[in-house]
Amino acid sequence: MQTILSIAIDALAFGMVLFIICIGLSLTMGLMRVVNLAHGAFAMIAGYIASYAARDLGLGYAASIFLAIIGTIVISIPLERFLYRRIYGSPELTQVLMTIGLTFCVIGITNYFMGPTLKIIPLPEALSQPLDVGFRTIAAHRLFVIACGAAVAGGLWYLIERTTFGIKLRATVDNAAMSDALGVRTQVVYAISFAIAIGLAALGGVVGAEFLPIEPYYALRYMVTFLVVVSVGGAGSIPGALIACLVLGFVDTTGRYLMPDFGNFFFYAAVILIVCLFPRGFLGRAQ
Amino acid sequence: MHIMAQAGTVSAMPDAKSHLWRDAAGIALISACGAAGYWLFPDNLALLTRIVAVALLVLSIDLVVGYCGVATLGQAALFGAGAYAAGIACVNGVTEPMTLIAIGAIAGAAAGLLMGGVMLRAHGLAQLVLSIAIVQLFHEAANKASAYTGGSDGLAGLMVSPLFGLFEFDLWGRTAYLMGLVLLLLVFIALKFVVASPFGMLCRGIKQDPVRIRAMGAFVFPVLLKMFVISGAVAGTGGALAAVSTQVVGLDSVSFELSANALVMLVLGGLGTLYGALIGTVIFMGFEHVVSAFNPFHWMTMVGALLIAVVLAAPGGLTSLVGKVAASRQGKP
Amino acid sequence: DTIKVGIIGPFSGPFALQGKNFQAGVEAYMALNGKSVKGHDIEIIYRDLPAANPAQSRALAQELVVKEKVQYLGGVYFTPDAMAITPLLSQANTPLVIFNAATSAIVNTSPLVVRTSFTTAQTTNPLGKIAFNEGVKKAITVVSDYGPGVDAENAFRKAFEAAGGQVVEAVRMPMNTTDFSPIMQRVRDSGATGLFAFLPSGPPTLGFVKAFNETGLKKAGIKFYAPGDLTQESDLPALGEAAEGLKTSFHYSVAHDSPENKKFVEAAVKAIGSADQLSFPAVGAYDGMHVIYKMIEATDGKQDAKKAVDAVRGLSWTSPRGPVRIEPETRHITQNIYLREVAKDADGKYINKEIQTFPDQKDPGLATQ
Amino acid sequence: MSDLFRVENLSKSFGGLAVSRNISLSMPEGERLALIGPNGAGKTTFVNLVTGQLRPSAGRVLLNGGDVTQLGAVRRVRKGLVRTFQVTRLFSDLTPEEHVTLTVLQREGKATRILSRFRGNTHVADEVHGILGTLGLHEVARRKVGQIAYGQQRLLEIAIALALKPKVLLLDEPAAGVPSADTPRIEQALERLPPSLAVLMIEHDMDLVFRFARRVVVLAAGEVIFEGGPSEVAADPKVREAYLGNYAHARSVA
Amino acid sequence: MPAASLDVRNLSAGYGPTLVLEDVSFSVPAGARLSILGRNGMGKTTLLSTLMGMNRRYGGEILVGGKDLSPLKSSERARRGIGLVPQTRDIFRSLTVEENLIVGIKDRPRNVIQEAYDMFPRLHERRNNLGWQLSGGEQQMLSTARTILGRPAVLLLDEPLEGLAPVICEELMEAFTLLASSGEMTILLVEQRLESALDFAETVLILERGRIVWQGASEALRADPGLVEHYIGVGSLH
């Protein structure tokens, strides 16, 4: 019993970490219809900024997160303006080509300037303690991540489903030319959404750094995982992404506990099973 | 795109005969390039052979992505199936190279049947993810079955007997390259026939609107599955060629990375023409080779820059540039 | 004249740091010993092989031999890559000096292979006894599921059971594992009092060590042993406090206290650019260059692979890691293995502090074959 | 059972919304039937149910006395149950010629052949040009469909359906978007159809409906509210109110 | 925004290198109604979408209320008073009916959506359905309602009656006429059914191969069957 509970809580934490990193990608892929394989690259950039802020500038954790998000968005602005704007509405594979290229560049540049070693973002005292939850201890940081994930999910859902901005964004993605003809400034809508997605990537990269440590190859190393999770959830669906993260987190965690040798088997077998049952992902938007 | 399309309507639409001529010219050009590679870079034949093997893989991706619209990031599963089948057969005493290639092709086709059977249940992104899951499972299986595959150490010690009993697979790789080149040409010609057949046209239709195809009274699933099998055979041939020419098979040949790279090469060259697959492979691998020799430490940035530049200059892939140039000539009378 | 040496290693990609260390070792050696041997200038040609990829490895080796006309091949980080090259060697008349690839069997695949690194069995072997002597009767092994991981598992089990302990469970985890909590739960449930782990150096080690601490295993007093890959010096700044006190066994610590090592570290840090990045592959490369220099000396610049290899059979010298010898039969390096502990040095920097020496260790992996 | 085509008690609902309720209808050989009704009455849904794009919640579809309700869309087409789409579904990269050629090849069971050439067959080409000519599409036969005017795309929809040599043809607003000057083209094409063919046409262009149909079925809110000859329909007050408005009036005056 | 005049001067446009519209000039006073006729593929749709800014323009000017809008992107033109109901409807398939309408209202308050529901009660019934689930006619209603909600000064209608039931057609034409005559909008209508087009508009313009070949009062056209036959085809007028 204790073991089951313990695994469940690990699964929840792992799922939420996945969620917080992936949700920005779900937004870009599902709503902006940009297969942004460079998502991880932005998360990584944020990680480097946060690490720099915390270790070299001596800022606190919260301030580092804030600086990382702002910094990453600032870096992304020219990229949006000159690169991404060209591929909105292009075929997915063209987007794949460009964003992989971008990822390569980011990796190369980071490697050159920051060196290939791991970077850590020191946690504040409160978050770095293991916390006793009765039957076992769990890192306080994990609870923090769970909370962040929940907050992000709620806020984003409201923004997309309930605000006029969300409606305009979805309309733009559905048919940009027509939105334009109805007076929606589509470029502005895209730019703002892109900034939000990047901000989320940055947040995920920084608070998830305990699990997925920051190093130059980060951008490619976790690309597949992100892509899989987002698609299984149904790109663009926040509840879908949440369900996918929790389910896959659970399968992965239990699989690794029960039969560690076959850990990947369970994960990908689950993916195949889910996709066969839900051919558009859990809550994919119908096309 | 408009420009290119318009060019077709301005000039008289090429009919069946001129299509044939164009393909004949294309194939002659490819043979010439292949032969030129042999004479110009006699010291790089190992690389060129590898390019040929990967070109087969990229061609096979073009069949499903470019002609059927089924996105896949798992094609290396088929390549790897061919490579391992040939490798295992070779270790177990089948050493005749053409037999090994045939074994690879059959194994690839079988893997294609399996993969198609699973992947064609889903659509869009979900489909892409299925392909990733499949290649990861293949990878894992190859790692686990180390008694047969050598696991992560790779399957080494392939002793391939001389081609037709005459030509050794030597250090310089001449035999391997020429054999690969001939294989590639044969496959390319065969595929040109496939895509120009009614079956090929049906696939293009399915790519655009499967509902419409069904309303025309044609089944979608068996057609796509057939294409997967063909594509598997082509990928398997590539895998077997890689195994025969390098005499080792590693886990990288069933990896996601290889699949992804191959897809990138295809998109770089341009989808749905077969030529794009060849151009993309040669440019990508050639460029990578040159810059990584030039600067082994930071070449990745340059490859990235190349990809971005291609998207900005020729979003439809390098082959679309050819069309553009032709169109702009005609556009200015 | 110029003698060319071709070096294949991961200079980009996720293992770029290891490749950088190759380069640092090579440059350090050349800086300290000159760029020519007996009047023959030596030119190094680097080729990048970012991840295990035998086909590409073979193509690169072939190109180095055929096109660049190198007389010596060196480097090679991954076993499959080495395996792909060895069949070429006799036809190419070129020796291969392995700077890293650590599976025992490689040296058997061609008489022209010499290895100056280590094998996983070699570095792991002493841990079995150490663990038992520290009172661990029941141990669990946790390794990454690939060749070296399995080697490490076997080597530990053998040594530990020979000492009288019992391995109660052997866990192999997929390479791309990022969340280790379930594994730690498994360790806890196994009832073992000692944990033996093997992970390739890189980002996952951080998560592994953190998970060990956070799930309370450290507090529970479970003892943790691993070969030194886990606490590679370049990871230490990040691992930091979490790894303090961790005991690992390895053939080389950057903190090794000897005049040879001081000289080496100074030169290598200069080459690599930052003291944080220097770790064990550099010493493999450094000694590899030593072997290659000796080969060139013996053949006087002529291409004769057999003569070159024969010249270094039985060669012994004092390496930055301590006294070493190339076994005449196996052509693998015999060396001291050290038990080390992660600790702070005088400047507050984390180091692998050597606390015990097991002299003259051959490769037990080969002895069994 | 002399009816070529018969629908019994067909029903369908989406969630709580009943879109088709107990629709029964039959067509003998040679029937020319118009299906009209207000927007959202369920006409297209009816066609979707009949041709297998949608599964009915209840009811049966019979062709030549055989139950086809359980068959998929493809099998129904092969049995001769063919439709056109209200919103055109065409391949924007292919030319009209290629569309029709593909259709003819598929009808003859040659579309999955790998070892023959797409354009190799002259007798197919002749048939294709015949069909394209009938609908006045020969001029644009070799342009990509994405570049021809919408009205022409509508005609191509019909061309594809004709190329399948159907037994029962269901036309979903074939004339929408086709200029009134060009509707005669469609009418001519329809007139040239084999007399044994049963045709059901959905259309809001009443002139066309009244010229074409010998029988009219009116659907409203998923139910058949009227069935009869054209002049009876125009006279029916229920139909006038729900659908025709002043049209009937205008017509009787004219 | 009250109705504004539209002046088109020497407009040329096309796709890629092909010119579809050549040197088209005409003007419509504020609050007037103009019908555009022409056979299939003669450039009617191209004309409207060029006015909206969704097409490449090679030359010429587009003046709304005397101000040249031709350099602007379509979103800015929309904000300055042009509105288009496209032939292909272009509803947002993944949005609900209500959300589709919200995109159309521009910066007006949300409750003006009621105007659309008053115009098409059917849409109110379907307000929570997604766009792709709508029937053909419902999509047409939605497309029209969405554009009208934005209160454009110049309304461009590309075959807005296609697929609508005759009752609705009549009501809709009346509504359009009212919008124009009450001075709220200037309306350009492309319509295949000659009679409806002539009934609706005061003036008519006929396009052939991208050029204006006839322009004049609709009564004049109605009175001259030969003219109709020449430009539009036989049997158009009963």
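Read from first to last, the chains carry the letters A, B, C, D and E; within each, the first residue is number 1.
Just so it is clear, a contact is a pair of C-beta atoms (placed from the backbone, for glycine too) under 8 Å apart; a residue touches a chain by one contact, two chains touch by 3 or more.
Keep in mind that what you see is a predicted model, and the values were worked out from it rather than measured.
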Count the touching C-beta pairs: is A-B or A-E ahead? A-B
With chain centres set to the mean of the C-alpha atoms, which chain is at the far end from chain B? E
Averaged over CA atoms, how far is the centre of chain B from the centre of chain D? Could you give it in whole Å? 42
Averaged over CA atoms, how far is the centre of chain B from the centre of chain E? Could you give it in whole Å? 49
Gap in Å, rounded to a whole number, between the CA centres of chain C and chain B: 37
Which residue numbers or ranges of chain A touch two or more of the other chains? 108, 111, 261, 264, 287
Of all residues in chain B, which are in touch with two or more distinct other chains? 5-6, 140, 298-300
Per-residue multi-chain contacts in chain C, two or more chains: 12-13, 16, 20, 145, 174
Hey, which residues of chain A end up touching chain B in the complex? 29, 83, 86-87, 90, 92-94, 96-98, 100-109, 111-112, 224, 227-228, 230-232, 235, 261-262, 264-265, 268-269, 271-272, 275-276, 278-281, 284, 287
Spell out the part of chain B that touches chain A in their complex, as residue ranges. 65, 71, 118, 121-130, 132-134, 136-137, 140, 144, 256, 260, 263-264, 267-268, 271, 298-308, 310-312, 315-316
In their complex, what parts of chain E are in touch with chain A? 52-54, 73-75, 78-79, 83-84, 86, 90, 92-95, 99-100, 102-104, 106, 130-132, 146-147, 150
Taking the touch rule as given, give the residues of chain B at its contact with chain C in the complex, in rising order. 43-47, 49-50, 53, 140, 143, 150-154, 156-157, 170-173, 242, 246-253, 257, 292-293, 296-300
Using the touch definition from the top, list the residues of chain B that touch chain D in their complex. 5-6, 8-9, 13, 15-16, 193-194, 196-202, 204-205, 208-209, 211-212, 214-219, 222-223, 226, 230
